[in-house]
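The first chain written gets the first letter, and so on, giving A, B and C; residue counts start at 1 in each chain.
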Amino acid sequence: MNEGLEDGQLTSRLSDRDRINSVTLSSPYWQDILDQYASYEDPWEISVVEMARDFQRQLAELQDEDFELSGRMVVSCAVLLRVKAQELGERSEGGEEEEFDEYIEPDFLAYEEFDDEKFVPTLEVPVKRINRRAVTRDELERAFEDAARVYRRREKRRDEEPELEDPDWGIDLDDGEDFHVRLQRLFRKVKKKWSQGKKVLFSTLLNRESREEKFDTFLELLHLQSEGKINCKQEEPFSDILIEVGKDDDGE
Amino acid sequence: MESNEERSVQDPKALVEAALFISSDPVPRSELIDLAGTPEDELDFIIEEIEDDLAAEDRGLRLVENNGNYQLRVKRFILPRVKYLAPHQDISRGVLRTLSVIAYNSPVLQKEVIDIRGNGAYDHIDELISRGFVTSKQEGRTKLLAVTQDFLDYFGLDGTEDLRKGEDLI
Amino acid sequence: MESNEERSVQDPKALVEAALFISSDPVPRSELIDLAGTPEDELDFIIEEIEDDLAAEDRGLRLVENNGNYQLRVKRFILPRVKYLAPHQDISRGVLRTLSVIAYNSPVLQKEVIDIRGNGAYDHIDELISRGFVTSKQEGRTKLLAVTQDFLDYFGLDGTEDLRKGEDLI
């Protein structure tokens, strides 16, 4: 209701000529009321407030006569309110998200006089179950064979091509290992040391001194530098590499 | 917790239950027949037995058959209590309502859907097409929208007639 | 296929079964107690009943408990027959390879595992420790890794002697 219409404004938009008259309200044939509503092209022309007041007056006059009418009155007002609210929703938001039908009882919508061909119940999304099954012993064995195969192939390459012409550079692609995950891990490590005010040296990023790890880490650093996340400095050839966190990530 | 681990002869009913449990999707009848290694009428007997077992008050599941595909599901009246344990569902409410309008009227002119759901529904329709729930076909100056078999499978329906009959959707 | 749909009082055993079925992860004991609305000893009784039911030859599932978390699984001897129906494993490929290297050489130095599996295996080892499949003990400048009883239970092994040794890699 973001048009900011106050209740008084709503009422003032309605003309007296279209108010539900007291004859209708006191009629025992209440189904007729809804038919009458249906004949209004613009539901704004009907005032729920005025209608309710008329009804209150009628009720006072009726005193203790026929109270069965009151329930139907509530139903009628609510149907009308829904029609109005739907219209208001469409005017203000291009028809998006008519929240109110959540709060209306399904039985109420099925009220025989309520003829809204456009209404459809909202589908219910089925609850999907995602089952992750256990790994079998055979699969464990096969995983070991795969790990051994990858390892032996890498060892063989290392023996045959000591000059590292291998573009693979130790990134175990067969493994399904995500290079970006490794980049993030290394960057977190660098940032942690950096935030502690420590001098971040290449050698301090290594868990062990293997050639393979050095290549992996160096490659990851180059990527981080190319992304502007870090700056690498080397004072003189073959000296340790000093790493600084890029300005964008400084102080995080 | 498990006895007779190494049993080599497997009870066909146990196999059918395991297959239905392990699969996240409905399992075709033919698959169950192959798996259980039984003739068709025996599979029917097994299915019936499983259904009878599940009908007991102290069981939380039910067996659902759709187009010859079988699936275990949580009983409807229990589902609201446990569904928070299932992974997050991924169709927004606005999109779902647009999908409902298309499904209940399928095939339906895009123009009519927009009339009912407003201009925002253009985006919803795009999303529904890209998810494979809806197809779109040029029809004069507007488009004719219809729900797909993927839609029916996802919502566990035999056809859109199910919707018009006002049957339960899950 | 379902009777007494609208029953409002829900059998706690049915609720437990439904919760175990629908959850992709093991369900904590406390969750089951809340859900079933029963005192702890009654949950134990329900769990025991479910285990007894599942022990029958014509049932394909088993109930697994791990550190107070419960999970339904397909019986081990049936799993190879039906596993093709489930595309998702609960251990990813890379982690499984690292686990296999540890298992086939258990106990093994972390350094050796990293030599074989590469630096990515540090994360795998963390994951395996947090899942309770592997323990780690400081051993000089590196760590000594070994598989746990939980690992043996998962794969249905009596001990790592059952596994072929992979010493040729180390």
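Here, contacts are C-beta pairs under 8 Å (C-beta built on N, C-alpha and C of every residue); 3 or more make two chains touch, one makes a residue touch a chain.
Here the structure is a predicted model, which means the values were calculated and not measured.
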If you tally C-beta contacts per chain pair, the winner is B-C
The chain whose C-alpha centroid lies farthest from that of chain A is chain C
Between chain A and chain C, the Cα-mean centres are separated in Å by 31
In whole angstrom, the CA-centroid distance of chain A from chain B equals 23
CA centroids of chain B and chain C: separation to the nearest Å works out as 28
Multi-chain contacts in chain B, i.e. residues touching at least two other chains, fall at 21-24, 74, 79, 83, 86-87
Contacts with two or more other chains occur in chain A at residues 127, 129-131, 133
Per the touch rule, the chain C residues reaching chain B in their complex are 1-8, 10-11, 13-19, 21-24, 27, 31, 35, 49, 51, 55, 57-65, 72, 74-79, 81-83, 85-88, 156
In the complex, chain A touches chain B at residues 90, 93-97, 118, 120-131, 133
As the complex stands, chain B meets chain A at residues 21-24, 74, 79, 83, 86-87, 89, 91, 93-94, 96-97, 99-101, 103-105, 115-121, 154-156, 163, 166, 169-170
The chain A residues in contact with chain C across the complex are 127, 129-141, 143-144, 146-148, 150-152, 170, 172, 175-177, 181-182, 185, 207-208, 210, 212-213, 216-217
